[in-house]
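One chain, chain A, appears in both complexes that follow, with chain B as partner in the first and chain C in the second.
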Partner chain A sequence: MILLRILIRNAFRNRLRTGLTILGITIAILAFGLLRTVVSAWYAGVAASSATRLVTRNAVSLIFPLPLAYKDKIRQVDGVSHVSWGNWFGGIYVSEKNFFANFCVDPQSYLALYPEYILSDRERKAFLSDRKGFVAGRKLADRFGWKPGDTVTLKGVIFPGNWDFVLRGIYRGRDRTIDETQFLFQWEYLNETVRQRYPSRADQVGFYMIGVASPERAVDVAGAIDRLFKNSLAETLTETEKAFQLGFIAMTEAIVMAIQLVSIVIIVIIMAVVANTMAMTTRERIGDYAILKTLGFGGRQIALLIFGEALVITGIGAAIGMALTYPAARAFGSTLSNFFPVFNVARETLWLDLGAALVVAVVAAVIPTQRAIGIRIADGLRRIG
Partner chain B sequence: MTTEAPAPIIDVRGVSKSYRRGEVVVPVLHDITFTIAPGEFLSLMGPSGSGKSTLLNLVAGIDQADSGRIVVEGVDITRLTETELARWRANSVGFIFQFYNLIPVLTALENVELPLHLSGLSRRARREHALTALDLVGLSHRLDHFPGQLSGGEQQRVAIARAVVTDPTVLVADEPTGDLDRVSAGEVLDMMARLNRELGKTIVMVTHDPRAAARAHLKRHLDKGVLSADDPAENPD
Partner chain C sequence: MAVPFSYSLRNLWTRRTTTILTVAGMALVVFVFATILMLAEGLERTLVETGSADNVVVIRKGSASEVMSGVERAQAAVVEVQPEVAVGRDGRKLLAKELVVLIALPKRGNGKASNVVLRGIGPASLELRPQVRLVAGRLPRMGSSEVMAGRSVVKGFRGVGLNERVCCGLRDWRVVGIFDAGNTGFSSEIWGDADQFMQAFRRPVYSSVLFRLRDPREFSAAKARLETDPRLTLEAKRETRYYLDQSEIMAKFLRILGVSLTVIFSIGAMLGAMITMYSAVANRTAEIGTLRALGFRRRNILIAFLMESLLLGFIGGAVGIACSSLTQLITVSTLNFQTFSELAFRFTLSPAISAQAMGFALGMGFIGGVLPALRASRLNIVDALRAV
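And now, the complex of A and B:
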C-alpha cells in the first residue's frame, strides 16, 4: 500500500515531464488505434463474409461476364441452396467524387442470401414490385439526404447513359460490421435496357452469388460448379466469399503492410520516449531507492516502484488515447466514408492498444530497474545532498 | 567478587575495505578492530576521506567488508546474504543521515511508518508506533507535513523518529548535525543523548563537529583508514 502511494506520487513529482509523456502516449495510442482501425476497415468485407456463400466469376477475369443460362445448371449442383446474380454497375451520382458501390442484382434471391440487410416488409415489397426501384444503405441515404420515393439518376460508365431509379427502401445492417453504403437495383431493369441499347451484352451477368447448405460443403460445391463449366467458352472460378474479398485486398496488400508497419513504428518511438522518462526519473530517485534499501526494502519492491510508475504513466496516456479513438474514428470514418464504408473501432483494437501500452511500460522500465537495483546503497546515498 | 564486563554489542575484528577506481585499488580501511558495549555512545572522528563513513556503513550492514568479521548483537553480518542483510537492517539498526534522507513524497507520519511496513504489524499498530515516535521527537503537530514543508531541524527529528520506530538496539548516525544550524544541531544532539541515556540505544556517530563528538562517551579517530586507541570524550555537560 505504501509502495503504491509512493509510486503514484512519484509519477506526478515532475508534472510537466509526466504531462508531456502522457500526452505523447495519448497521441501514440490514438494514432496506433486509428491505423489499426484503418486496417480493420480494409478487411471489413472479409469480416462480414459468410462461410455459406460462394462467388462464381469468369475464370479469366472479373471484368468478363458469364452467361445468365449458368444459373439453372448451378442450381442443380448438389449442396447449392440459393443462386443469385448481379453486375457491378459503376454508375456516377452527379460527380465522380460522390463514389459509392452500386450493383444490379436479382432482388428476391439476393435478399434471401443476405439476411443481414434489414428492410421492412413494406420496403421489400415496394422494391421487388418496382422494376426501376432501388434500395440504399442507411449511411448512403443519409449522406445524400435521400428519402423513399425520391428519384435518383446515375450516369452509367460501363453501361452508358442516364439511368433513373426510385428509392424504395433504406436497409440497415444487422450489426455494425455490415456495409450500409451500397446501392442495389434490379438486374432485370439493366438487362432489359441493355437488350434494347446493346443487344450483344444482354443476358450476361458479372457474378453469381451462391448459397450452400453448410460451410463444410463449400469447397466441394465450388469444385463441382467449376467442373461443370470446364472447357466451355466462359470457364468459371468459384471461391468462398471470404477468399473473393481477400483477393481484392491482395491487390492493395503493400498499403496495408505499410500501415501496419507505421503503427508498429509509432509504438517503438513512444517506447523510446517513455524509456527516456523512466531513465531520467530513476536517475533522480536513485537516492530514494538507496534509502528504501537501507531501511530493508528489497529489489522486488524497488522494481515494483519503477514498473508501477511506468505503468501508471503509460496507463493514463493509453486510457485517454483509447477514449479519444472513438470520436476520432467517427470523424475519420465520416470524412472517408467513400473509401471505408465500415469504420468501427474493433474490440481487438482496444486489446492491441492495451497490449502495446503494457509492452511500452514494461520495456521502458527494465533498464532503469536494473540500474536502481544494481547500485550499491552507499553509492546511492552519496547522490543525496 | 569481580564485575564481568558486558559482552560487546558490536564486535569488529580485522576489517579491511578498499574501493576500485577503474584500474586503481584505493585502500580505505586497514585491519580495523574495536568493540562497543551495549548502551555506549561512540563518536568516530577524522579528516575527510579517512574512512569514517565507510566504517559506519560496514557496521550498519549497508556495505560489505573485503575481509574481517563484524558481529552485531551476536549476528555475524559479514556472513549474511543481501536479503538476510536487508532483513537484519530492518530489524536491528536505525539510521540517521546528514541530509535526513526522508522520502520527499511521503508525509512525516508516512516516513516514520515506512520501516514498519516490513514488520508485519497491522495498519493500526503501525500508526500507533509512528505517532509515539513522532511524539518522542516533539513533532506530533507536524504529522501531515511533507519534508519540503519542514525545517532542517524538524526533518532530522522526523529521521530520528524513523530510526527509532522499529526499536532497534543500535543507531548509526552519519554527520547528523552537518546540515543544521547551531540551535537545531543542539536539539538533535540532545535528542540523541536522551535516546542513549533513557532508552539505552547504542549509538555510533560519525562527525566532524567537536561539539557533537563531545556528547559521546567515547571518541575514536580514524586517519588514513587506521583507528586510534580509545579516547574518552570530555562531556561539556
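And now, the complex of A and C:
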C-alpha cells in the first residue's frame, strides 16, 4: 500500500509533465482502440457469416451471371437444404454519396436462409405480396427517415433507368453484429423489367446462396456443386460464406495492413513520449536514488520504483483512454455508418489496449532504470540539476 | 540583441537522449503524414497519366466505369461516323471499340484471387495509347486466342508469364507478349482481341468506344451531339476526366484517413515536444535568469526557446521526409473500389507534399514550444537567479 502511495506521489511530483504525458497516452490508447475497431469492422461480414451457408458464383469473376436454371440442379445435390439467389443491383439513391448495399433476392427462400434478419409477420407478408416492395435495415431506414409505405427511387448503374420501390418492412438484426444497412427487394421485379428491356439479360442471377444441412458437409457440397457445372458455359465457384467474405477483404488487404501498421506506429510514438518523460524524471532524481542507495536499498527496489511509476502513468492514461473508446466509437460509427455498417468495440480490443499500455510502460522504463541503477553513489550525490 | 542561434542548437545537443526521443516521435508522425499523402498522390497520378487529353471515352449513360457499361454494336457504329473522330495515317479512323471484363486470378503472394481487367482491344487501340510499349514477346494476332499482359499483372499474379496460358471462358488464352505502360492503369490489365472476348464471354456488346479528337477543341461539340442523339444512350468524357473520376473515392478515402490519423498522432508528438521544452525551461531557470541579467530581453528569450522547439520540429520533419522518400521504391497493388479491379501504383513524393509535411512538423514544434517559451520569458529575474 505504501509502495503505491510512493509511486503515485513520485508520478505526480511534476504535475504538468505527468498531466501532459497522461493526456498523450489517453489519446494514443483512444486512437489505437478506434483503429482496432475499424479493422474489426472490416471483418464484420466474416464474423457474421454462417458456417451452414455457401455462396455459388461464376468462376470467371463476380461480374458474370449464372443461369437461373441452375437452381433446380443445385437443389438436387445431396446435403443442400435451401437454395436462394439474387443479384447485386448497385443502385444509387439520389447521389453517389448515399452509398448502401442493395440486392434483389428471391424473398421467401432468402429470408428463410437468414433467420438473423428479424421481420414481423405482418411486414414479411407485406413484402412477399408486393412485387415492388423492399425491406431495409433499421439503420438504413433511420438514416434516410424512411417509413413503411414510402416510395424510394434508385438509379440503376448496372441496370439502367429509374426504379421505384415501396418500403414494406424494416428488419432488425438478431444481435449487434448483424448488418442493419441493407436494402433487399424482389428478384422477380428486376427480372421482369430486364426481360422487357434487354431480353438477353433475363433469367440470370448474380449468385446463389445455399443452405447446407450441417456445417461438416459444407466442403463436400461445395465440391459437388462445382463438379456439376464443370465444362459448362458458366462454370461455378462455390465457397462458404466466410471464405467468400474473406476473399473480398483479401482484395483490399493493403488498406487493412496499412491501418494495422499505423495502429502499431501510434504505440511507438507514445512510447517515445513516455520514455522521454521517464528519462527526465530519473535524471532529475538521480540524487534521490543515490540517497536511497546510501540507505541500503538495492537496485531491485529502485527498479521497482521506476517501473512502478511508469506503470502508474500509463495505467491512468490507458484507463481514461479505454473509458473514452466507447463513446468515441459510437460517435465515429454513426457518422461512418455507410462505410462500416457494424462498428462495435470488441472485448479483445480492450485487452490489446492493456497489453499496449504495459509494453509502453516497460519499454519506457528500461533505459532510465539502467542508468539509475548503474550510477555510483558518490557521482549521484555530487550531481546537481 | 538576439540570443545566438548556436545557444539553441547546443542546448539540444546537451540533452541528446530527450532530443532524440522527441525528434523520433515527430519524425514518425511526419512519416505517416507524408506516406499517406504520397499514396493518394500516387494513385491519382497513375490514373491521370492513364488518360490522354485528346482522347474521348464513350460509355453508357449512368454507368460509373467501363465494366458496368454496355455499348451496342449499332450505337458504336454511330459514334464511329462522327466528324470529330481523327483519321490515322493509314486512312482508318482512330477509334477503338473495346470490351472490358473482370477475371479472377490468384495473386502471387498468398494465392488469393483478385480481379484483373481483361481488355478486348481493336486495331487502333495501341495507336490511341502511345504509353503502351511491348517489352517482351510479340503483339497478339487479331482473331486468335492470344493475349498480352501488363507488367504489373505479370509481377503480381500467378500464371500470366510469357507463353503461359490463362484459362477462362472455356478457352485457353496464350500470353504471347508483355507490355509496359509506365505508371498507368494499363500496366494492371491483360489485352486481347475484343471480338474473341465477346464470343468467349458471351457479351454481345462493347463496353466503351475510345477515339482521338481531330482537334482537341472540338470536344464539347462532339459531346453535345453524342449525348443528344436520340438513337444513343451514351455519355462522352475526356479520357483524363474518366480516369480521374475513377480515383476519386479511393483518393478521398486515403486523404481523409491520412489527415484524421495524423491529427491524432500530432497531438501525441506535440505533447512530447511540450514536455521536452517545459523541462528544458525548468532545468535552465538559473541560466535564463543570468541571460536576463546580462541584458537580454523577454522577447529574446521567447525567441530563443521557440527557435529551439522549431529546430526540434525541423529535424523531425527532415528525418520523416527522408524516411518517407524511401517508400517510393515500393509498388502497392490493391483493389480500386470504383472499378472493382486491381490497380498497381507507387508512393509518389511531390514537392507540395514535402512542403506540407515540413510545414506540419514546424507547426508541431511551434505549438509544442510556444507555452514553455512564454513561461521562460515571463520568469522574474531575481527568482530565476535564486533557483538552483
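Just so we're on the same page, the second predicted complex is superposed on the first by the 381 of 385 C-alpha atoms of A that agree within 3 Å, B and C clash if a C-alpha of one lies under 4 Å from a C-alpha of the other, contacts with A are read in each partner's own complex, and residues count from 1 in each chain.
What we mean here is this: a residue touches a chain if its C-beta (ideal position, glycine included) is under 8 Å from a C-beta of that chain, and two chains touch if they have at least 3 such contacts.
In this text, all values refer to a predicted model and were calculated from it rather than measured experimentally.
**Q** Evaluate whether chain B and chain C can sit on chain A together after superposition, giving fit or clash.
**A** Chain B/chain C on chain A - fit side by side.
**Q** Just checking: does A:69 make contact with chain B only, chain C only, both, or neither of them? Give me first, second, both or neither.
**A** neither
**Q** According to the stated criteria, A:60 is in contact with first (chain B), second (chain C), both, or neither; which is it?
**A** After superposition on chain A, A:60 lies in contact with chain C alone.
**Q** Which partner, once the models are overlaid, touches more of chain A's residues, chain C or chain B?
**A** C
**Q** Have a look at where A:253 lands relative to chain B and chain C in the superposition and call it first, second, both or neither.
**A** A:253 sits against chain C, while chain B stays out of touch.
**Q** Return first, second, both or neither, reflecting whether A:291 touches chain B, chain C, both chains, or no partner chain.
**A** first
**Q** Rounded to the nearest Å, state the minimum C-alpha distance from chain B to chain C in the superposed three-chain model.
**A** Checking C-alpha atoms only, chain B sits 14 Å from chain C at its nearest point.
**Q** Could you give the residue numbers on chain A that contact chain B in one complex and chain C in the other?
**A** Shared contact residues on chain A: 384-385.
**Q** Would you tell me which residues of chain C are touching chain A in their complex?
**A** Chain C residues touching chain A: 17-18, 21-22, 24-25, 28-29, 32, 36, 39, 60-64, 67-68, 101-104, 107, 110, 112-115, 168-170, 201-202, 204, 233, 257, 261, 264-265, 267-269, 271-272, 274-276, 278-279, 282-283, 332-335, 337, 340, 342, 388.
**Q** Which part of chain A faces chain B closely enough to touch in the complex?
**A** Counting only chain A, the residues touching chain B are 1-2, 5-6, 9-10, 13, 287-288, 291-298, 376-378, 381, 384-385.
**Q** Would you mind writing out the residues of chain A in touch with chain C in their complex?
**A** Touching chain C from chain A are residues 14, 16-17, 20-21, 23-24, 27-28, 30-31, 59-64, 90, 96, 155-158, 160, 200, 231, 233, 235, 237, 247, 250-255, 258-259, 262, 265-266, 268-270, 272-273, 275-277, 279-280, 367, 384-385.
**Q** Show me the residue ranges of chain B that touch chain A in the complex, using the header's touch definition.
**A** 53-54, 57, 60, 62-63, 83, 86-87, 89-91, 95, 97-99, 101-106, 110, 113-115, 117-118, 162, 179
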